[in-house]
């Protein structure tokens, strides 16, 4: 297995039957996994399994036991309330990988005063990295990156209308941000952002001889 | 003639000969006009005319006399130094239309402290509108709009590389800005932004019975 | 609070429960707000609140009391009947902000004679700005701007098929309009156009010492 | 040979040597042809041939004798002066095919009064079709089509900047025009528009038993 | 009224109530009109009116009496069977405008032998123009144009998958066709193609002193 | 080494010095290679090496000895003369790999009679596959595929203007071709098409126990 | 009939009635055909015909008898489990054309060890070509092509989200693959890939005098 | 100053005079900075300054003294030789920020054996992160990420042709990579990748109490 990287099943487009079969296999073999991008229907089908813990807002489930060790700390911020599902996918994945998660939701730049608190806590609480989830407000990651000194992982979301183009505009705005210290993952990919954050924390633990 | 809207010649793509012929006609008829988007070569050809006043950085020229009356006040801001040519196109147009121009260049969000001064002056000096010119930093107009109470006219520039797409990304980022009080003109269109600013000042003068 | 800019909730993508919770909070705190881009289902849920006034065509609701002062005057035009919902979003927002609204619907350029009346009234009735809402007919704003001397705020709509591309073609046609005196907001963003119009009227009132 | 359709050589991308060789072959065989989209260099090389008649502005040349018969009448309009080269490509092609050409250049919608004259002449002078060439002003063909009763062939040009996208925006604006009676050819394709106009005139002549 | 151009209502996006109201007005005023792009639901609502004649496949209805005079002749071809609805929209419009229609459906280039018959009839039966409707097979219009000497009006359809992009690929393939004598209308716009065909036939009738 | 796949150097974007260094290394080690997409300047620099054989039109060079065995037979067709450079890249690569090449250039569908000869020879001369190179005429591969029974490898070229989009339109038109028996490689990739053709011939030789 | 190319009906967009009518005609005339891209509803309607054999996962049906002769061998690989429906469309088509099919599903590059087995079998079992079906993992075809010496036919699928763009990203990634020996068909076009594979096997059989 | 983030001047689009003026100011004030994306001409102008150290291949210069402390270790890999300029921009930036750099150039997936060495060294030499620079081979970052357990920062380059779209295709292929542990920066942005790598190393040093 690839160190530090979780097993994961991509549920989107799979039939309920196929998904249940795959999940059962994991349970029988006593292996843990994440199941991402669940539909309403798939969520209902997984509710009967006691080995499965579902986060409905994040459309993500944990099968089996997560990693137990305290592996590091990550801050997860969203610009709006509509970005929260993607942030929850990131949060569940991060916790599954042993990270402590600080959530700061709906702190978009329209109200700059709302970012004071998360910036203060990121600076003071020994956070290893920040995941910034934003839809219509592509500017948030670079504003945050200008105020903290940890790596910022930006997650564009597909929230918006008109010129939003399903998140492409936000993705591009994030990528061309002048402010440095930002890297980006795919649109709505909270899962990938959290895996990346866990790898950053791991660099630290290795240096400290903990991994 | 359309009230408050300047005559303007679009120089791009015209041969030097055609352009000189058009400019001569304006001079002979004693009419004023702007000439926009001049090439290096066209600028050289126009230098011999004393009736023509050229702003090389803004690639724009005034033929004949500008409007004399003090018509209002506009602030023009740029995010970077590379955005200045477009800002100068706007400034020359605004001055041609009788506006007083406050210039604040290279005040991009990467250094938020640099916007303190322009915001203060916009608030205190009776400015009617703000033109915000930005390339890689599409966020600047909405940040400014969040701090002042005049209309903000955003001008995306084609400065950038990679996902910038000749300014389309910046344009779209500006259009989907959550912060309200922003409207947008075409990429690199400093001319159009200034004409719009002059119309806003005109609303005020009409109310005051000055126009 | 930012002067002249309304509080607003973006309903799209929010669950009915979340939206109701947010609206209740506004009511309890005695604060006013607009709620935009409501779905059919969300509209039904809000009908039970007497503090909420819904405009179904514009998919927009007012929670609490609008601004009372007469703040200025705006004309709102649409090219076709399919553009009316976006125009109504603008109209409700403008009225919420204290503007008087003149509505001229279905006056598209296919029948140039239909624009005679609105142009005449804009010229004679002391209107501060015009909002022009158009889908397949991107030419309307520049035609209007060529005939009046107030700022024209163009709102492209996503009405159309084939090469319309969800409104992008109309947006681009508006942005490249040769005729000056036009600025543009996001596709279907009647709300943003009205806020911008209110800021223009405010420039006038400030000059008159009324604000 | 296909009736009514001219032989034509597409010069773009061909080496000067290859082009000269092809032209010589036509001269030797005593056949007529058009050569389109010539570069500055190619034009110089063709100047030595007395059988070749070059229109430099339209970047097009006639090799040999054009069709002599009076085949019909077409009006060619441009929105701006920058659209004239494409209009000349159309005009030379039309004349090569025996059509009489009425030219109306720089009559864009920004100045609606300028279209009065061409519309009057199209109505009164027995014109079979109108070719409308426009860059930044995609609205012109549908405005014209609303005022005349002959088929309008729209030619978008690549003149413009920013959101113009090399003419795609203008092309799409023309295609989605509400006003009916318009059909479109490729960007900058003056040649194709004229061939189409000649076919329309041919329908008439056939009915009159002239072809 | 604009000569030769039908009154038409664009049904898409209109509520059933609004549409019925509009149609009733036409009936009361004794005026004829076409209603295009009808939804299943709208079609049901219009079935009760005896003055309305519906073509379900073409999603188009005639309200009132069509033009009676024999105005000319048009051939309508489709590449596949899936392109037939758009062809029917064109056919109903053409008949409404007094044209005689020759239908040749499912004659795509994959089976070149199938185009022998329509080409023969276009040549022999005094047809004024050909409308060629095609989805995945953008080549058909230029193949036809290479074999007949009447103007060919190409209508791209949105039939296809993968790189089809809702018809844009087919539209572009048609526009860049080397073969001349083709002009194009918007994707799925059978209506516009038929209006254009009627204008071509009108040129002929005018020459013959019939119009 | 990968069986049947040539070593190849991609010259584009490499400095002349770097390229010469790489080529010298191949010569010293006695190894053969192709060098593709050479610039004018790079071609001049390689002319001094006697081990290098350059095809200027195809912008391709062979360093060292090609494969000697007769490996199979491929037909290479182009729609226009501007497509010949890409066809030559394919032809040189195919010959380097031991294939016999039948060239049929400028046989585009505008003149359907010109494809009679190549189709006849493909059928009669034991050809294993056909490479069809086309720019503005994306229809050619599927027309050919409808007439022969060997696999057709389509190569879109970037020749064209307007909606051509650097070859993307032609690529997409080829991919959505209804006619089956066609597969596609990257725009202008004559090299890749020839390698693919060699692999097809190789399947045959293996079956015959020759490889 | 075109040798080696199956008759096929494209079911998408056809009404159930039309489709049943077409299928009945084939049965009555005793002819075989494939029916591709069936909807859930169309599948139900075809179940009553005993002459029709449906593969539900591949949304494809065989009407009548397939080709019986053993025509060659093809390997079909998928990157993920979500790519299997497209692979099944290819497999059914290949079998219909007489090919023996080796299926290797869910062998994506995320787990490189999983490709050992299919590569070994392709090398050892006299396979003529490989069809590689992949959605988010556009790299798989070139990785496979680097390890085997048969032609690789790549089929991008529309599986994915965010920047996937309905499969365009995967298509483009496959086309620009550095590794040679790959050609591509349209997104989700398993049918076309199989027809192409059958033509490759046919080249071999012809050489062996079997066809 | 923002901790760990270098001062940097973006040279692209600046006049030589402006750039020299900016650089002189840094020298006079005794401050260090990077100057990125230098043109040939700008490089020549900076050569006269002894305080400026230029890396011509990477088009990047250091003005003044870099950070001296050993801050961590980063591996930089490229797929091809054409990607090296972007890698050098990253390497110079990383060294400026005090990182030790391991360079592994031209190790693209076409020759999988070439990645064995870099993967081994990344695992054994206490590397904190890997920057993977690739143009036509978007798959390399995810292949590397599947073999190492440090964060992988992917840098798409604009090297390529045809469907490459100036690097957008590679960018998108990297973003949709199934393999996790990858984050992406803008096309050609070696500078940003190195700043991000320095921040990762900084997390480690802070944990070790070194920063």
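Note that the chains are named A, B, C, D, E, F, G and H in the order they appear, and that numbering of residues resets to 1 at the start of each chain.
We adopt the following convention: contacts are C-beta pairs under 8 Å (C-beta built on N, C-alpha and C of every residue); 3 or more make two chains touch, one makes a residue touch a chain.
Everything numeric in this text was worked out from a predicted model, so none of it was measured.
Chains compared, chain B against chain H: the Cα-based superposition rotates one onto the other by 90 degrees, nearest 5. In this assembly, F is the chain whose CA centroid lies farthest from the centroid of chain C. Put simply, the chain farthest from chain H by mean CA position is E.
For D-F, the equivalent interface among the listed pairs F-G, B-D or C-D is B-D, as over half of the contact pairs agree by residue number.
Averaged Cα coordinates give chain B a centre that lies 26 Å from the centre of chain C.
Chain C and chain H, compared by their mean Cα positions, are separated by 46 Å. Spacing of chain B relative to chain F, judged by their CA centroids, is 51 angstrom. Averaged Cα coordinates give chain E a centre that lies 36 Å from the centre of chain G. Shared interface positions of chain F, i.e. residues touching 2 or more other chains, are given as 80, 146, 162-163, 171, 175-176, 178, 186-187, 189. Contacting chain pairs in the structure are A-B, A-C, A-G, A-H, B-C, B-D, B-H, C-D, C-E, D-E, D-F, E-F, E-G, F-G, F-H, G-H. Chain D meets chain F in the complex at residues 10, 12-14, 18, 37, 158, 166-168, 171, 186-189.
Residues 79-80, 108-110, 112, 136-139, 142-143, 146, 160, 162-165, 169-173, 175-179 of chain H are the ones touching chain G in the complex.
For chain B in complex with chain C, the residues that touch the partner chain are 2-6, 8, 10, 126, 128-129, 146, 149-151, 153, 171, 175-176, 180-187, 189, 191-193, 195-196, 199-208. Taken together, the chain H residues at the contact with chain F in this complex read 80-82, 159, 161-163.
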